[in-house]
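Listed below are the structures to be examined.
Look for chain A in each of the two complexes below; its partner is chain B in the first and chain C in the second.
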Partner chain A sequence: MTIKRCIMHLIGFSFLSANCYGFDLQVKVYDIQGNPLPEVVVYLEPLAGQLSSDTKPATIISQTEKSFSPYIGVTQVSTPVVFNNRDDITHHIYSVNQKMPFAFIIQPNQQVVQTASAQTIEIAMGCNVHDWMSGHLLVVDTPYFAKTTAQGQAELSVEQSGDFRLVIWHPQLLNVDHRQSSKITLDTDQNIEVHLTTKLASIAPQQSDDDFDFLSEY
Partner chain B sequence: MKSLQNRIFLFFVVLLLIVQSVALWTILSGKQNQETLEIQSRLATANTLFNELFNSRTHYLKAFSDTAAHDYGIKQIFNQDTRSLVVALNNLRQRIDADMAMTIDSNGRINSQLVKTMTGGVGKVRKGSQSEALFSYSHWLDPNNPPTELYKVADNLYQLSLSPIMVGSTLLGWIGFGYQIDHRLAMRYHKLTGLHTSFILQEQPRQQWQLVASSSLGTELDFVRDIIEGKPLPHYISQSQILSSYDDFNFGVAMYSLRADLVEVLQEQWWQLLALIILTLVLSLGGAYAIAASITKPIKQLVKQTQKLASGEYQQLLPIKDQSELGQLAEEFNTMQSAILSRERAIEHKANHHPLTDLPNRNMLLSLLEQLTAETESFAVFHLNLSRLKDVNDTLGHEFGDMIIKEAGMRLSEITVIKGVFHTDSDEFILLASQKSQPIVEMLISVIESSFSLPLQYQGFSFQLQARIGIAIYPEHSNSTSKLLQMADTALHHTRKKSQLIQVYNSDFDVNTIERLNLINDFKSALVQEHLELHFQPKMDLTSKLITHVEALVRWRHPKLGLIPPDDFIPMAEQTGQITALTMWVFKAAIEQHLLWHTQGIDLNIAINISAQDLRNPHFFNFVCQYTQERDLDPNKITLEITESAVVDDPTSAIQLLNKFKALGFTLSIDDYGTGYSSLAQLKSLPVHELKIDKSFILRLKEDHDDQIIVRSTIELAHNMGLTIVAEGIEDEFALTWLTEHQCEKAQGYYISRPLPATQLTQWLIEKNNYQRVSANA
Partner chain C sequence: MHKLNYYPISLVIISAWLATPSLAIEINTHGITDLRIGIADTSQSHLAAGQGKFSNSDGLSLSLAQFGVETDIRFDHQFSAKIVLNGSYLAEDAALGITEAYVKYKGLPTSSGWRLETKAGFFYPKISLENDAFAWSSINTLNSSMINTWVAEEIRLTGAELKFTHLGKFSGQNYDWSISGAAFINNDPSSALLSWHGWTTGSRQTGWGESVAFPQPLAAQPGGPLAEQAKRSKPFDEIDHRLGYQVHWDYQQANWGKLNLGYYDNRAQSFQVTDGQYGWGSKFVYAGIKLKLPAQLQLTAQYLEGNNLMQSPDRQDIVKNAYKSGFIMLSKRRNKHGYAMRIEEFQVDDRDNTAGDDNNEYGTALTFSYNYRYSKPLFLATEINIIKSRRPARAYQNLAIKKTEQQLQFSARYFF
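And then the complex of A and B:
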């Protein structure tokens, strides 16, 4: 982090302090059929550098029932990403993304912490010994991100008004960079409905074809 | 059945049967071969397929287990907790959907084993029964030679491939995957090859075989075992093989099928083929029959036509339809038929026409007469005989004679009222004319006469056609054709006798005609039985008025018919070749009479008539010589009278003979001089002593001045040539006086005396006392 960057932070912080009320942005995402779409990432990119000094806590990606949980993770750049093996078997989690490569054995009930990359990327994760396991992590350079609820609802609190790019991201969204974005200007609380213009590819279930009855015998 | 058609047909049938038999035999053997080949091919294919699939499964398993053994992930968790290992193992198993997966640790203990079982089409992965157990075949576990073997888990048999998991050169353990050998595999083979597939297993040598799996339900172990052991199974085709593992496993694979199932399709094709062959055969035979019929049809026509031809039916010609050899044959046949027809017509024409005049002949006459006599209409038959034809032939030659006949025929056929002119013999014609009354006959006679009136010119010679005609009339005279002809002939004959030209038949003639026939028979016996007698007609010496000569004239005193004139039987004797015998008889009788008269003092020279046949007969001269010597007679007491015509026939030999007679001393005389055609040149060379002028010149001497000239000239001619003259036919005093005045030497005739039997003549001579006495010195 450079000095100049620090100064910018300080200026922004003082400005935010002056307008400490902030704005609430309610985003509701609908799929192409018009149904509310859960579990998609919604984030705002400030177009005038109006960043918050606030940083989000570490993102936790668990291995539960021989699958990634959550399936989609989102985190701010350079923040810790915690892998937490809640299964009773060993996993071997890996990413082959050059901007954020990792591979580690994670024993049952063990935690492994990785640091998110310093720039915006999306990475795909797998398990070396369980082919069906699949997970995604989006690293964004903004603190304004959220995932839609089961009702397709996401709420973002923005401290400073100004112009933003509103981005909807999903790894199966069949659009450029799996994103759909629009420019918005925030100066008050807003409710925005976003209708996706492209389809989502089907999400492969993170489950073996076989049941795991035999596991009970071991 | 020996007809050409049948033979051709039979030939085709045999040919077709041979061809079809060969075809059938070829197809049959082809079928057998095809079946055998098909079966062999199927079995070979099945075998190849089995091996390919089986081996590819093995290779697949081996390749995958090798890959899995090199997987870093599996190595990392290999020695961790079992649960992690089995989930990871299952994860790998899932990749190739193996039926069995297992890991063996470095101690040879099976630390994980998963078995996929199928229950109701749903796969379920269970812990293998050998988990935690030691791997039974520790000797398989050689990292340098990883095993791919048949392996049993519980009762299931698997193709198993084990691969060593190595860390560097250190053995971590073994990982293996297996595919089950089961019903699914058997079914897969069945679908691929169409053959039922069964697997059996013998775990130890000489142990019981056990059935592992089969594509067909209810397969009996014994049956499969028989196939494996190569026992022959009827109705089945099969192939088998035994795969032995080095652990004394014997794994048998039997693939088999009912032979009938396999050849079913072939069999169906075979039936179709057979049906096709039979159909072809039937059609071919039909075609063959049609061909045979079409070939023989024209021949049959020809045969039929030939039969017609043989029966004389010439009118119908064969229709010529085709241009083939048979068509040509038919054409030639027609030509031949026409040629035969025209020849037959020519022959028929010849048979029915006279070659010289081309007029219808006797055959035509008879058939026309048959027609005419069937009708009621009256008609006349003219039997016409050309006069003097024989003489013409003799003197002017046959060429002229033929010309006369032709001319006569032509002129007769130009007469329109005549129904038909028939040329029946060389100089004889028969004319048929409708006849309703006598005048038409007379009219016709005059027409014929006028038709003949114009003289025929030939080489400057003018010839007058003349004919004698005998006429018979239907039905007045007879209803019978043959009788009519005979009657006309009789009438014609009558004209000759009576020196007439025309004579209509009269029933009186019949008697004579019949007599004639009898006479011919009777004449032979007459010579022997002394029914003949000699009459003598005296000849007067006109100088001395004495009877110095007599002419011997033969008479036939028939026992029933009385005296028959010589005119009736002399020609008959000539015709029947008995004239010489007659002459000889006359000669003998005349000499006897001369000798008798001589004893009575009467000296008479006897003249004997010699016919032409006598002159030709070589025995006659010898007879005369012999007889005169025998009777010691002076030949100059005998005169031989010969007619002109007798000499004319063959003058050279006649003259020779006459010379011989003359040399002997016989007196020779030409009889009937003036009626024949002898030339003066001939007369000059004839060695005769006297001429006997024909009575036709003498009979009317008193009235006819011309006759006087002829007789006077003849007498002068004879005298000039040193010949004496005898005149016959003196019937009045004028003639006798006239002849005497004109120096005729002798005279003969009724005025002097009729011919008389010897006794009467002797009496007459003695009464008249005018005979020449036998000289004293004789």
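And then the complex of A and C:
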């Protein structure tokens, strides 16, 4: 895995600054029934101040077919969060988190850029025109984060060894702060399985019950 | 024209100006055009002062059943205004008027999901579960149910509404609910038309300040107890300068449906009369449910029950009725096809002793509707309405008291 990562750095002509001697962590997340769980956030918090030169690019959250896409976003602190309205109607996006409050009208095909807060927070978002629309954004103070694939798999590349807190986050996880965490020590590539010990609440369908294109807002 | 005819427009414009010292205003306009060909077995339409329950009289008709335009003006992400214009051009009736005009504040939800909304102007109370499309048009059928046809004809609030909504998603719940209250002026003659023509079905909406014809009872002849009543009723007039009120609760659960429940009372003083328009103390309760069923079926049902009182200036009861109506509709939309079937029951119970003004009525109605979505904005539809009713007031026009009325309509509805 480390070789693959080095090759990717070389292809990207960033080998001069790249540390090719990091570690790859493969995390597979299972729900309480033992099924692989897609679309959950996995991130690592360095516990010994291990620094990283990585900065993640902007996160894009689209409005597509009157829903947030993706439903769950994750981004690093102080990075741009780009909202991209791909619908042919106007949305009114808002956050209810007072640590990162925002509210804006976004026209069809318009982009609005917000800057993620400087601290770790989770943000519940909605659309004040279409109440069924829900979206969640997790802001983390680490570059080591990913979302699980359809197979429940997430891959993280870490530059320096040491102790980390491995955190699983999902807004519907019925646990304190919607998280389950454990301490790990990384000094080589690892595969870790995480079995959630609490259930996930169901996600409300991200579509209106009134399926008609010409609804007036009464 | 009524002296307050321009009040709602002025309110909207002044409020818009006050709310927008230097903001970019966004304006969106939508609407509907509904052209129909119909053939009916009925009598003269109630819109032409007959006893017929459809908008057109007996025989073949070509009509512009609805031309509706709604304009949303957004000042910022919380303040907006809406003006809705509706018109129709029928064989014996033409109308064009403002059916809603209001300014609205819609706050942002708090972190626990509470949201405050308020609006002021001229607007519909949220009773109908059918008329959610542009310009208050009906989604699944051409003719609205009798309840909502009546709401479109005689019920409108000129005032202010305060609404609290709780969005459950921010506290782990899968349902939302809201409660609202409105205080309003005008709408004092409401239920006069219902009393004199009974329950009807159509898609016509009464505009601000408009007067509407109705079949004249015998008691309206010179010397009769209703001789002072104007020949056309103006549902949105102010008669007694008292506030009415409406309260409303609704509940919505994703993937299940919605419920609503409310109460309306115009608190009109029944013995007041101005320019031939009486105060009709009119109050009613209403309830509705819309459910998602298996196989993409949807069930919609509404019920409304109330009473009214209209008195002479010396406070003698002239018209005193109890009225109720309910419907159940099953509908389904799949790909380009839409189907709906609606069953209705309706009644007016005349509780006064005025001779020559029998408002009793009982009946049932059946609607079958089909629409084909020819293109995204264009729907081609056909609908059958059958109404069977007993109505003694038909005798005033030398008609049989019992009658079955039927109508077949073909429509092209274009949304824009």
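In this section, the second predicted complex is superposed on the first by the 193 of 218 C-alpha atoms of A that agree within 3 Å, B and C clash if a C-alpha of one lies under 4 Å from a C-alpha of the other, contacts with A are read in each partner's own complex, and residues count from 1 in each chain.
As a working rule, a residue touches a chain if its C-beta (ideal position, glycine included) is under 8 Å from a C-beta of that chain, and two chains touch if they have at least 3 such contacts.
Quick caveat, the model's predicted, so the values are computed rather than measured.
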item	value
First, second, both or neither for A:105, with chain B first and chain C second	both
Comparison of chain B and chain C by chain A residues contacted	C
First (chain B), second (chain C), both or neither touched by A:96	second
Touching partner for A:213 - first (chain B), second (chain C), both, neither	both
Touching partner for A:128 - first (chain B), second (chain C), both, neither	both
Which superposed partner A:118 touches (first chain B, second chain C, both, neither)	neither
First, second, both or neither for A:204, with chain B first and chain C second	second
Chain B versus chain C as contact partner of A:32, first or second or both or neither	neither
Touched partner set for A:47, first chain B, second chain C, both or neither	neither
Chain C-contacting residues of chain A that also contact chain B	90, 92, 105, 107, 128, 131-132, 209-215, 217-218
For the chain A and chain B complex, residues of the former touching the latter	66, 88-90, 92, 105, 107-108, 128-132, 208-215, 217-218
Chain C residues touching chain A - in the complex, by the definition given at the top	26, 28, 30, 32, 70, 72, 74, 76-77, 106, 108-111, 113, 115, 124, 126, 132-136, 139, 167, 169-170, 172, 174, 176, 252, 254-255, 257-258, 290, 292, 333, 376-377, 415
Residues of chain B touching chain A in the complex	72-74, 76-77, 80-84, 86-88, 90-91, 94-95, 112, 114, 116, 123-127, 131
Chain C contact footprint on chain A (complex, rising order)	90, 92, 94, 96-98, 103-105, 107, 124, 126, 128, 131-132, 134, 201-202, 204-205, 209-218
